[in-house]
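Have a look at these structures, which come just after this line.
Look at the two complexes coming up: subunit A is in both, with subunit B in one and subunit C in the other.
Our next item is the complex of A and B:
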């Protein structure tokens, strides 16, 4: 009797997880292995696949476009992540002061996050237009320099960073706010009674207690920035033509897309995908290792 | 008194900074809306013309009818509704099994799923594309929906909720002779309503906004979705700002409406995912 009941439980459990497991197998595990295999092959997506060892990787190392892609991805990540997190921390702190309009501000700051990244890139392309864009109109009024945000290769990356920060602050601030609200007010009260300064309170109470949240956000932001595509693809605009603007803004995912679907170099694209995966994996592992140094778990 | 005035000053400073930030957040949206009512000449006028001289819907008409956005709208709604509902069903069903049932290889299978979740989707996109090509799904609804149905994230989040429900519920159900499916569907799912809404809202958002996969999975305009249509429009009419902005407003409005009505769930969902992560 008892045994039959167990069997029944097993049977239904397998039925319940079957769609998920089978789907993940077909569209997750098989592709991961396939991708690893393809990175060692020469293939145009149609004809014969031929094994060519590490040639795809060697070719990538020689390819200057790939070097731009790595450089741009790193520059983008190194700029976007700290700026976004610092601004978010500021916003979250202000929102945590118990002002009446907190709910209202929270809604506004989160707004960019629900907007299609393609639309975000589109509206910012207009705002950053060197002649008729609102940003330069504003800068002109203040008699500040009005760079070609989109047309000048020197500024294109700065533009991408501005857009990404703009759309990322709200999301991070809301998660940080939730973290801040979890800190017991009595801790602050007793610190204030002891006469601790606000800076000291921040470093001794807020920062350590918020550090698990900050750790999570840093890890996620780095991962997401290294994989950025939508905004960049749309923002660069005439992506098909190449040239200095594209070179100054193409990222690794952009490169994977370009190789696979424009040049039908499936092997090269897969090799680049492997490198991206490896980079993200290494950075994530390092972050977890460094965790003990600054993250405080109660 | 001194303390009070200091508090007041602090309040004023906080409000000022937050308001400036809010303006920066809102101006792009306002500008998008204003521009969508202007004529081309008005969008490139120097000095800048702030308001359209005539408020008309010509740009919207052109985008919806001439540029076929009505169809893209339909496609996007179809894809989003089907994907997110099946995603929830598949995800919650497996979440229930992992949280509430015992079976051999449970942990192994669970960690296998989590490992796949850690791998960036860009790494799997080429083989996924090859699979849908093999299956002759390119340019079909199937291609846009099926590969995205298996959301480990949804499964993982809901598993946490199911696991936090009291066990007694289940025992009561079992004594009453409930089948496992009824236990899942009639007893436990209704209890997780708010977390289901929160996760679904995030899934809808992601599905509606995603560009990379639809860009790969569709080539003609038959099954094109809004994100791809907008990227294409940007490529073809890059300087026709009034049209681009009208298209942008159209693509964004449904999410803004959902956001206004469900912002509690959005924000809770996001905050929760952050805290659990």
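Our next item is the complex of A and C:
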């Protein structure tokens, strides 16, 4: 009797996870394997697929644009992730202090996250315009240099980082706020009774208890930054331009898009996608390994 | 609570099944036994004309029904590329300069015999357009519309600076001279746009040059090309009568023109609506200035049929119908129709401008370059070169073009 019930429960368990598993198989695993196969082939998306070994990878290694893409993706990630997370932590702490109108500020900070990336890019293009943009108007008033944020290859990456941080802080801060609010106030009370300083309270109570949230956000932010595309593609502007400004801002996914949908080089695009896949996989595995060192689970 | 979850799951699964059921291959036969052909195009702005064309066709016979779908430009080519080889695509669809990719892959139906039998006279369409859809003497598309090219100018700025309006016999020297007279702190005389179709390509053609030879091999470092690009570079950096490439990254050329920041710009017939809406009758049209000859770029769309369509006969009937003078007339509102003498309706839309100039430009126009192999990748090298040249005050034009030529040859010959 007991055994039968046990079996039945397992049956239903599988039924319930089936949609998830099937979904992951069809939309996750199968495409990954398909791309892995394509990365070893020459295919224009129209005609016959022909096997060409590692040619796609060799071509990538010879391609200077691919080097720009790797460089830009890493620079972008290394800049965006820490800045976004630190600012988010600050914002989350402020919101958690229970200042006036927390709800209002929560909405304000979260808004950029629900705006379409295309719209974000368009508005920021306007704000960062070197002549009429609001940003440079401010800088001019303060007698600071007014760079060509959207036209100077030296500054374009900085612009992209600013926009991405702006649109990412809200989401991260709200998740962190949820984490902060999950910490029992009694812990703070007793710490304060024992005379602990604010800094000590942060490092000994807040940070450890928030670390699972931070770990989740760091992992996700890194993955998302490595895959950055939409904001960058729309921000750089017209798809049919090229030259220094595009070379200074193209990311790996930008390259994948160009190869697959502009040049009809599905093999090359898949090869680049596989490289990105392994880069992200390695980084994520390392993060999980390092988790023991700093993440604290209650 | 538990029950709710179960109910929700059941609903979700049922919903999923229903959706997947709907996503099947559309039926080929309508309920009343008529043959249904699927027709794809991308321009929402031409829906009125396309709907009228379809209803005209459906009333002209009673065996074929046309099911039209607007696939937005962003997805159009991806969709065609994935659907045509598997036979799940449309029967009839719009084609543009990407046609060689599809002709080479054998995805377009050879229409030659049918068009001949139906008595369609191909000489009624601009040669620059019909050539785009012809390969080895076989016709793969019926011309639908085409673009004209012209020099647009802002009359108000000419009046303000007391400069006489551009005329048909203008040369590059006139352009430079007048642009200098029109430039002051609030506006430039001209915009040297870094675009091929509407920009530098016209200068190259005017100078008797070409970016590609008869075999589809790049010829981008020829003397004529270098001179044309040097002239445009000089307009920006030597004479400073046009915004630099860096400025054009901040303000799009069209925006600069319609906001009165420049007196002249080159562009195609597709721009006239935007320009006239912004500038009214101050926006005027003149012929492109010439160097050794008159030159312009044209580009035109066509109707094509899928090679593996299951309704070839019906699809061909529709395309033959779309090729007729009457059919082309009703589609004239948004674009210049390809059939000779059907553009009156289009002309009437702009009574204040001499739009005939745009129509006439097709007589001396050449098509966009098309490289024999790996076209997009080869073209991108040239685009990159132009972008780099436009923002570099000290650009060595010849050296840059030599380098581009070498890279492009390598790419075009790549397997």
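Points to keep in mind about this one:
In this text, the second predicted complex is superposed on the first by the 267 of 298 C-alpha atoms of A that agree within 3 Å, B and C clash if a C-alpha of one lies under 4 Å from a C-alpha of the other, contacts with A are read in each partner's own complex, and residues count from 1 in each chain.
Just so we're on the same page, a contact is a pair of C-beta atoms (placed from the backbone, for glycine too) under 8 Å apart; a residue touches a chain by one contact, two chains touch by 3 or more.
Everything numeric here is computed off the predicted structure, so don't read it as measured data.
After superposition onto subunit A, partners subunit B and subunit C are found to clash with each other. By the document's definition of touching, neither partner reaches A:61: not subunit B, not subunit C.
Shared-chain residue A:242: touches subunit C; no touch with subunit B.
Once chain A of one complex is fitted onto chain A of the other, the partner contacts of A:285 are absent, as it touches neither subunit B nor subunit C. Using the contact criterion defined above for the overlaid structures, shared-chain residue A:47 touches subunit C, although it does not reach subunit B. For subunit A, the partner touching the most residues, choosing from subunit B and subunit C, is B.
Judged by the touch definition given at the top, the superposed model places A:152 against subunit C, while subunit B stays out of reach. Of the two partner chains placed by superposition, only subunit C is touched by A:262; subunit B is not. Contacts of A:124 after superposition: subunit B is touched, whereas subunit C is not reached. Looking at the shared chain after the overlay, A:86 reaches neither subunit B nor subunit C.
In the superposition on chain A, A:19 contacts both subunit B and subunit C.
Of the candidate stretches 128-136, 146-154, 200-208 or 254-262 in subunit B, only 128-136 runs into subunit C once the two complexes are overlaid on chain A.
Counting contacts as defined above, subunit A residues 16, 19, 45, 131, 237-238, 240, 261 meet subunit B in one complex and subunit C in the other. Listed in rising order, the residues of subunit C touching subunit A in the complex are 9, 12-13, 16, 77-78, 81-82, 84-85, 101-102, 105, 107, 194-195, 246-247, 249-252, 374, 376-377, 380, 383-388, 390-391, 415.
Those residues of subunit B lying in contact with subunit A across their complex are 10-11, 14-15, 17-18, 21-22, 24-29, 31-32, 35, 43-48, 90-91, 93-94, 96-98, 101-104, 106, 109, 112-113, 116, 119-120, 122-131, 146-147, 149-150, 152, 155, 179-181, 184, 205, 208-212, 215-216, 226-227, 230-231, 234-235, 238, 241, 244-245, 247-248, 251-252, 255-256, 258-259, 263, 266-267, 270-272, 274-275, 277.
The touching residues of subunit A, when paired with subunit B in their complex, are 6, 9-10, 12-14, 16-17, 19-21, 23-24, 26-32, 34-35, 38, 45, 90-91, 94-95, 97, 99, 101, 105-127, 131-132, 134, 137, 166, 169-171, 174-175, 177-179, 182, 213, 216-217, 220, 223, 227, 229-230, 233-234, 237-240, 253, 256-257, 260-261, 266, 269-270, 273-274, 276-277, 280. Across the interface of their complex, subunit C is touched by residues 16, 19, 42, 44-47, 129-131, 148, 150-152, 237-238, 240-247, 258, 261-265 of subunit A.
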